[in-house]
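Some structures are shown below for you to check.
After this come two complexes, each holding chain A, first together with chain B and then together with chain C.
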Partner chain A sequence: MNNPDYIKNAAGRMVPVMVNGKPQVEFKGVNKYRPDGNKYAPPIPSSNNYPSDGDKRVPSLKEALKKSGLKNGMCISTHHHFRNGDLLANQIFDVAHELGVKDLVWFPSASFPCHEYLIKYLEDGTIHHIEGSMNGPLGRFTSEGKMKGLGVLRSHGGRYQAVQDGDIHIDIAVIGAGSADPFGNANGLSGPSASGLLGFAFADSQYADRVIVATDNMVDFPCIPWQIHGNYVDFTVEMDRIGDPEQIISGTTRITRSPDRLFLAELTARFCEEAGIIKDGFSFQSGAGGTSLAVGEYFRKIMREKQIKARFARGGSNTYLVSMLEEGLVEFILDGQTFDLEGVRSMRENPSHVWTSPFTSYNHHSKGNFAGMVDVVILGATEIDLDFNANVVTHSDGYLLHGVGGWQNCLFSKTVILPVPLFRDRIPVIREKVTTLCGPGEMIDVVVTERGIAINPLRKDLLDKVKGSGLPLTSIEELWKEAEKICGKPESLEHGDKPVAVVKWVDGTLLDTVWEVK
Partner chain B sequence: MGKTGSAGNHGGRIRSDCFVQIEIKNSGGVVLDLQSRVDALYGKSIRKLVLIMMGNFGIPNAEILIRDSGALEFVLAARIEAAVKKLGKSYIVSDLPGDPAEFPVSDRGRFRFTRLYLPGNSPGMMLNAGVHKPDGIILDLEDSVALAVKDDARILVRNALRIVDFYGAERMVRINQLPGGLADLDVIIPQKPDLILIPKVEDPEEIKAVDEKILEISPDSTVFLMPILESAMGIERAFEIASASPNNVAMAIGLEDYSADMGVQRTEAGAESLYARSRMVNACKASGIQAIDSVYSDVDNETGLRATVKKSKAMGFEGMGCIHPRQIPVIQEEFTPTSDEIERAKAIVLAFEEAEQRGQAVVSLGSKMIDPPVVKRAQRTIDLAIQMHVVSENWRTKNE
Partner chain C sequence: MNNPDYIKNAAGRMVPVMVNGKPQVEFKGVNKYRPDGNKYAPPIPSSNNYPSDGDKRVPSLKEALKKSGLKNGMCISTHHHFRNGDLLANQIFDVAHELGVKDLVWFPSASFPCHEYLIKYLEDGTIHHIEGSMNGPLGRFTSEGKMKGLGVLRSHGGRYQAVQDGDIHIDIAVIGAGSADPFGNANGLSGPSASGLLGFAFADSQYADRVIVATDNMVDFPCIPWQIHGNYVDFTVEMDRIGDPEQIISGTTRITRSPDRLFLAELTARFCEEAGIIKDGFSFQSGAGGTSLAVGEYFRKIMREKQIKARFARGGSNTYLVSMLEEGLVEFILDGQTFDLEGVRSMRENPSHVWTSPFTSYNHHSKGNFAGMVDVVILGATEIDLDFNANVVTHSDGYLLHGVGGWQNCLFSKTVILPVPLFRDRIPVIREKVTTLCGPGEMIDVVVTERGIAINPLRKDLLDKVKGSGLPLTSIEELWKEAEKICGKPESLEHGDKPVAVVKWVDGTLLDTVWEVK
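Right after this comes the complex of A and B.
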């Protein structure tokens, strides 16, 4: 392709030079890009403009949006603390539609199936494009080239970075909070829509021009602890409902019963044991998917047997992790997202269950972050290729599947392990080349499949540690061959010429392009 | 409307399978309506497969509908063939996928502690079965397959035997109860299975009939047999059945059917089947074959399973059926010799070898006399431990 609109980045991927009218920097390589200049800053506010009694309440969300100056082309941010139970984002765009506002940019920290509702606003021009994640029906809509602008996919850390660096300017942030006071202090610890923490909204509260806090549990000042400082907040709104408690609890937080996945999880835990990763004072992060949860349970077994204590566990908290904390197997939970009510309760009651944000855990443009301190992280992937590159955002048929989440940020951990099945219903997971590049292979250390474990040759130290352990070691090439032997050689995917979204790396550079599905 | 035949499954939680419907037409060629989860990756190859198969079957004109949820090619081929079969048209099978000769052949004396049952008409469960490392896998054509889909299962199992790698597990097929089960052999035996399970055996003549049928289909190959006793009559004739064929390598007991035949409830304690199990073990030992216990049906109850295996092992059983992969490691572990057993066995074998070197006929260990069968059993314990990687092959020189 010799098109001046695109440039080949350091990963060999063609990426656009402009995205939604803004110039871009292409991916330069891991830890290669060093930005200069200063951070972005919002306008200086003055207490003169706010009620001196601290009561910033307005009667409705519509009123708050109007007072915030909602108009064409603005960027509106929301957050996914309520996951599939979010009732707020849809209402915001109902208001925008009612007011006849057009061409908005929606900047959620993640989207969920409940946001399928917004397709009509993407169709009628209320929303111009989404910068966040495009899952399920929204992913399908985007992949088929129906969204007006280009989607922008960022990691949780990358979202903080983009806001902080001014890559994206938030006009209005709407923060849904389990509890808040009229001044705007807020947390997610109690109330009918308790979600644990509000870390994903932290950047928005600091940098947005206007900040609205919406709650269905307005308490008298002070609402403590203030996960969100009222001093950043313009308006507060009391609403009947902001979240559906049943849907706020994530459906994925149950340990898998699938024998194949349990097998994979056990093998992963065994690998960590043999590699000497599970030792006193170690730290780990494991996702909320069924397999990852099962890995945690196998960790528990090993830690109990060998009387090992972890210094901290990072990541989404849930019943299982909380019980490890309470059993004394883990000293601290550094929680980035609370997946169930046990997690919420523990965070409320236990000072060792600490809430974190993408700023503390993941932001690449800061004076370090927590991600690199974690000894081992267990993540998923839809595809992994012969260079250990991995994909988490698209299906092998090119359709957008889900967002990046904290996945890219976690790659900075000391050991990155991806337990994946060799194939899923005839779709090979180990591919010659990933459809979309989300994680550079040099950062991915171990791929565990039910048919063998491949260690990245860059990690000779790990190879040496598990040599002779009886673990089923193989190479990524062998796994690839085995996958193609079982599934057949996949036909090469032909995508359209039009980009529908871009994937950003943690430093804001363009890692890859998602193309229209033919 | 022309003649219509269909096979396979689609929708709901079905994965790795497909539904195929074929309607014969008088003209218009082969028209395919394909909806597949993997269209982007395998659509062309699926379309090609359909055209080749219709060519082979001599069907020039048909409307074909395929609803595919990620079926592998051998599954697609099996479903297409099963749909054709239902058209009532005779056909010749050619170009079967895979080659069963690629898989290692089994041997008579290998351990059969764990054998995983796989319903013969459920392709999804077959693909990863070998990953869980059972000693054997049983592709079942009998109780787990509904009457209406016996043909479909037979075709699917045939294809699976040719192509699915079970990673060294012994490849077993449970045929239907005789005499119907003899027809299964026509399709199965050419795929070189290692072992045939014959259900609900009550008469040694049934074993002989299977032997003869196999000989007729494939005169050169050895196929092992494992009769299953599932009735009072079967138990009464246990020894005759166990010794009915030199190809018998093991015999199993099926307690669900046995309990029903006795008119009693199957219990956790198993008092109602104690006689049957004892008698069966005895018959097996008398015939020099392995005795295999019934399956444990409460998949979630690991404690109950463990207790049952302990009892089985103590009674002389040498294996159990598994209905879920999670049961495999538990059964495997329980049949693995314990460290006490291994240490005692090592001491016995060493004492025997030492005595032999010194030309002594009588061996003793401590205050106990050691007879040749004791040595034989000790040697077997060690062989077992070596095979299960709990003892090194060089255990005599290596200090473990």
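Right after this comes the complex of A and C.
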């Protein structure tokens, strides 16, 4: 491919030089790109222009959007703390459609199956494109080349970075909040649509031109604690319902019962124990998937036996992690999102269950962030290749079905472990080359499969530590061969020539392109 | 005076067109100035340049200052949460002096008598000038025309505004913290130098080029809660002592025993009762002075009798306000600074004792702030004139002896009451014209003296409410006449031609000039 519209980046991937009309910087390598210039500077507001008694209420979301100056081509942001129970994003675009507004950019912190509803607005031109995760139905729609603009996938930290640095300019942020006061102070801790925290909306509140806070639990000033500062808010709206509590709770928060996955989890925990990672004062983060949860339970067992405790665990939180906090096995939970009502309750009641934001946890363009301080993270992947590169957004058939989430950011942890099955539905997970590059292999330390554990040769220290431990050590090449032996050599995927989305690295550079599925 | 270097502002005061080489905007009237342009945008940092394990410790303050690139002409900021127990600011300039650095601007959020030590550095050119309050000895030094540059007095909110808008650029912020972790997360809640909160350093952390956190209580990551985000911090320093706990506690936090002042306080509380201000769900703020504290106690009595509670009180907090919170008479304290150890304890333990910052409470260049939501504030003044204009920074002899603090910001409250004696040391407080204008008369509603209460004629609503109440109502003119009858007509002050400081209004415009004392 020798097309002036593309450039080969430091990972050898072809990425477009322009995305949705904006010039791009290609991935330069891990920790290689050094930003210049200054952060985005919002216009200076004046209290003169806001009600002196602090009451910013307007009667409806429509009114708030109109007062915010909603018009063609604007960028509208939302957060995903309501997950699949979000009742707000769809209504925003209903209003836009009703008002005849076109070519909007939707900039969610993540999308969910409930947002399949928006496909009609992608089709009729109300929404031009989405910058954010395009999970499930929206991903399929995108992969089939049907979205007018190019999708832009960012990590949670990358989203903060993009807003902070002005890579994207939010015209109107709509922030659904479990509780809020008329001034706009808001939190997710209580009310019928409590979602725990609002960290994913923090950047939006700071940097958007207009900020709308919508709630179904309007309380008198002051709404305490304020996770969102009313001082950044233009309008507040009281609505009947902003979220469906049953769907706010994620479906992925049960420990796996699959013996295969339990085995993976146990092997992962054993690895951590043998490698000396589980020690007094250590820290860990494991995701919300069934296997990750199971890893946490094995950690608990080891910690009880050894009578040690963790200084902190990074959430997503859920009933399991909360019980470790309450048992005293974990001193602090530094939480980015609560996955169940126990998480919400704990965060509301326990000062050691701390709410964070992508700014504190993940923003690469800060003076450091929390990610690098975590001793070990347990993450998933759709594919891993011989260079330990990993993919989390596309499947091997090329379909874009997942978002990046905090995954890229977590790669900065001291030890990154990916427990994955060797294959899924007879499709190898360990492959010669990943379909889409989301995480450079140099950042991925250990791959745990049911057929053995491969340690990245760059981590000689880890290799030394577990030598002679009795763990089933192998190499990534062996795993790859075994996968192909069992599943057969996968057909190489021929993608279309048209890009449908790009994957950004944590520093805003372009890591890879997602192509149309033929 | 027809000097091109000065301009007459909307309050009729002559103010310089340039201050320390920077062009100024003159005061345009309350809520008249509309800022254009954008906030200050700090350079984009990258985590690449910070230790991946988050440990930003350097061995000494000197090392931190050197690594921060300390050099001639820089602006160094500090906060005043340690009040007269601050052991940090003087050390910073000791280092600067040792390194031969000259012409620094010191930008404290307030200065105290302990900073008299810095006069030698003002004299030898280490410090060029101070932007911030110049209390006591520093004020006297300034008033005598000895400071090289012009002092710039700002309210707490105006200081946030100035930093946010780029009116002042902080090169290095040094933030003393009761507790901190090696990453720079910090709070004032615990440790030997606990000062309660760090809100006055919030702007500095967000906008300074380099941020140093110094503590005498370094804890393991994470320092919870983080009032200062480590993500904004460049270097952390562990020091032996950063504050003198006995001096951190303000000396002004005892209820007055003076019968005259108690009478003033009682009259003020009675006025609030008669005017219908003290009702269920109301809010109030009274300062840390003896009279203000006494007002709070009278409020308590009325609230108990009427069985009502306040929705919130704004602090400065102290043992009296905390006891009202704990008694259930106040639902929330929204606190800007703790004045005693009870305040610190309550803030540490009670989630309803909330730490704020000048950003949330006072910044005029936000989308609103808390000041306008407070039903009544009780404030002091050195002088009040026939137009209800008030002065808080100079005495009638022209000496600059106090800072503005949050005083100007509090004028945005729904009702502003100044309980003052008619005269002090036979010098009238009620005067024809204030020496220095700090608060425009249209914002000051009620003046309470031992000889009667004067209500600003602009507040017809208040006049109506207290008609026939039996309160000793009078007019400001009558008070003025009575003061002159008792004290004699004060000689008019002839100030020198040289400006020594300027007083900014909350929007960054120039409200008045402080002149050299002849």
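The rule we apply is simple: the second predicted complex is superposed on the first by the 518 of 518 C-alpha atoms of A that agree within 3 Å, B and C clash if a C-alpha of one lies under 4 Å from a C-alpha of the other, contacts with A are read in each partner's own complex, and residues count from 1 in each chain.
The rule we apply is simple: contacts are C-beta pairs under 8 Å (C-beta built on N, C-alpha and C of every residue); 3 or more make two chains touch, one makes a residue touch a chain.
This structure is a prediction, so every number in the text was calculated from the model and none was measured.
When the two complexes are overlaid on their common chain A, residue A:Tyr117 makes contact with neither chain B nor chain C.
Once the two complexes are overlaid on the shared chain, A:Ser352 sits against chain C while remaining clear of chain B. Touch criterion met: A:Asp425 reaches chain B, while chain C stays clear of it.
After overlaying the two complexes on the shared chain, residue contacts for A:Asp260 are found with chain B alone; chain C is out of touch. Taking chain B and chain C in turn and counting the residues of chain A each one touches, the greater count comes from C. Touch criterion met: A:Ser52 reaches chain C, while chain B stays clear of it. Taken together, the two complexes place no residue of chain A in contact with both chain B and chain C. Contacts from chain C toward chain A in the complex involve residues 31, 33-54, 56, 164-165, 183-184, 211, 220-222, 224-226, 229-234, 281, 311-312, 332, 334, 351-352, 354, 359-360, 363-370, 372-373, 412, 414, 507.
Residues 259-260, 262-263, 396-398, 424-427, 450-451, 470, 486-488, 490-491, 493 of chain A touch chain B in their complex. The part of chain B that touches chain A in the complex is made up of residues 15-16, 37-45, 69-73, 127-128, 131-132, 165, 324-326, 389.
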